[in-house]
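Both complexes below contain chain A, partnered by chain B and then by chain C.
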Partner chain A sequence: MSTPTTARPAGTRTRLGGTLYRGREGMWSWVAHRITGVLTFFFLFAHVLDTALVRVSPESYDTVIDTYKNPFVNLMEIGLVGAVLFHALNGLRIVAVDFWSRGPRLQRQMLWAIVAVWVVVMVPGAFFMFKHSFEVLFGAG
Partner chain B sequence: MTAAGVRIDPPRSPSTRRLRGRTNTELYAWLFMRVSGILLVVLVLGHLFIMNILDGGVQRINFGFVAGRWASPFWQVWDLLMLWLAQLHGSNGLRTVINDYTRKDATRFWLKMALYTASVVVIALGTLVIFTFDPSIS
Partner chain C sequence: MTAVAERPVAVEAPKARTVEVKIRRYNPEISDEVRWVTYRVEAYPTDRVLNLLTKIKDEQDGTLTFRRSCAHGVCGSDAMRINGVNRLACKVLMKDMPAKLTIEPIKGLPVEKDLVVDMEPFFEAYRAVKPFLITGGNPPTKEWLQSQADRDRYDDTTKCILCAACTTSCPVFWTDGSYFGPAAIVNAHRFIFDSRDQGAEERLEILNDREGVWRCRTTFNCTEACPRGIEITKAIKEVKQALLFRRV
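Let's look at the complex of A and B:
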């Protein structure tokens, strides 16, 4: 965390600009938080509309849901779960940064911790979510 | 910590504009994002885990599945809470995104109108469906 305070030759980048926020974990987690949040917003819009079809008729609901039952949509579901899980974990990190006295100092370590949790959850999660599609695609008994 | 000649204001130090008797709406919005976010971690991750892993994913979903689920008041309340919190949380998030990236006042205004319209439609429609769901509809 120490930053050199010695003067640098004019024209060279000082380390300060790159070490605090910009271009570092703090910035990229913020970017990822935005992207995953906006994606989830648009999914929720579609999800409420398609589920509202249960109020129209069982047939219309089943017809639309049936169009989701293929490996391609299954992959998008895994992507959605990955996006939501990152957004949830990083959101908890943001709460810790805002409300926990040691949060701001540990923000970078907390980011790598949630990335680790994300991987540990997503590997088996994606496996179980894709299991059925795998059997459809490759006909495993 | 500070290099020569570089000074950085403490984060969230009030601007002079903020100090001159303005409302606390943004503070409440900020707090709402954190409170609703923590609740949504439980509601949404629980929902995703149950639907996609425990109950076998979209493959098993049809009208009968939904009817069986909403036969229980517990899941009705769960889904209703999740709907309201998620839509309000998402709307406030998109409001922030719109504020950050729009340059013209008219663009900002119309994007927000579209956002608020979509949010009201989603919350009203979702609430109506949960409360008026009829498993014997045909």
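Let's look at the complex of A and C:
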């Protein structure tokens, strides 16, 4: 058997496993739903542990909570609110897709609607959530 | 009367352009290694991707292997991944495509050679949903009539040509090959909602399996990949609802 005569340009051996499937809004909203779900799960895991500390002693609970009071954790909190908010809104979209007769046809519009709601809530939300950290970092203006 | 053009209409001759077609090649008889091979072909806007593949096979590399039968979007044998999405090569016009194409076999089924995959797992799931009319009692002595509304109920899912573009676009199917997949559910839907059929309960029970409809994550990849424009995610949702409310 002969091998192909066409020269193989350099760099064509990359991504042997195949390229990324170029799905649209539906696929990416599902990916985002998974990621935000896992992030929320890890938060809940840590949250159950630190809250359970109250049973150990209120003092150790306070000590742990005090370590959270810094701008980095503040950023993580904003991320958490963003993740939970997306997960919740997209969850409602999926319920609509499965239970509303026009849901499957309007899934894309519903996605952009929840993204709009997410932005409307997150922009002022993040501003007020980070205000305190900003004042701590750069001094109250 | 036949319409006659009074003046010959000036039609610009379609111009060919050179298109780079990058194809994922694999031939286990030679090597277990997967290769990407790029071919350069002249393509007219009226060409379909399938024409380009045929041209490559005829003129440049006879070892290139792909399936095609009718070449007119009816038989469903040339489903492949073109620039990242599942399409029938015979239905994609080059006028809609950029000058670089990347062609891969459909994902989630074992590749046998180049663009040819083993369709057996796909057909196995199809057969499992009993895609045939199930009736009991005496067969009617006359034609079995059905109202237009009853016929319309499952019209969309009669269009399936079993090309596997939907099933192999599904992220759930890629990671879990035992999921029935969109195509099997579409073909179950076609009979579940047929007023003449009596096997709905049986099929619903099969799809109530943990690898059945509940694995659907509504990513809509199947709906967007279907070359027949079947609203697949909607059909799956209808089967889910029939299971939840036992109402067909």
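In the analysis below, the second predicted complex is superposed on the first by the 118 of 141 C-alpha atoms of A that agree within 3 Å, B and C clash if a C-alpha of one lies under 4 Å from a C-alpha of the other, contacts with A are read in each partner's own complex, and residues count from 1 in each chain.
Going forward, contacts are C-beta pairs under 8 Å (C-beta built on N, C-alpha and C of every residue); 3 or more make two chains touch, one makes a residue touch a chain.
On a predicted model such as this, the values are computed, not experimentally measured, just so you know.
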Chain B versus chain C as contact partner of A:98, first or second or both or neither: both
Partner chain in contact with A:37 - chain B first, chain C second, else both or neither: first
Partner with the higher number of touched chain A residues, chain C or chain B: B
First (chain B), second (chain C), both or neither touched by A:125: first
Chain B versus chain C as contact partner of A:48, first or second or both or neither: first
Touching partner for A:107 - first (chain B), second (chain C), both, neither: second
Touching partner for A:63 - first (chain B), second (chain C), both, neither: neither
Residues on chain A lying within both footprints (that of chain B and that of chain C): 3-5, 14, 16, 20, 94, 98-99
Residues of chain A touching chain B in the complex: 3-5, 7, 14, 16, 20, 34, 37-38, 40-41, 44-45, 48-49, 51-52, 54-55, 57-58, 61-62, 65, 68-69, 73-74, 77, 81, 84-85, 88, 91-92, 94-95, 98-99, 125, 128-129, 132
Complex interface listing, chain B residues touching chain A: 1-4, 6, 8, 34, 37-38, 40-41, 44-45, 48, 52-53, 56-59, 61-64, 66-67, 83, 86-87, 90-91, 93-94, 97, 118, 122, 125-126, 128-129, 132-134, 137-138
Residue ranges of chain A in contact with chain C within the complex: 1-6, 8-9, 12-14, 16, 18-27, 29-30, 94, 97-99, 103-105, 107
Complex interface listing, chain C residues touching chain A: 22, 24-25, 29-30, 34-39, 60-61, 63-64, 81, 83-85, 102, 104, 107, 169, 171, 217-221, 223-224, 231, 233-234, 237, 240-241
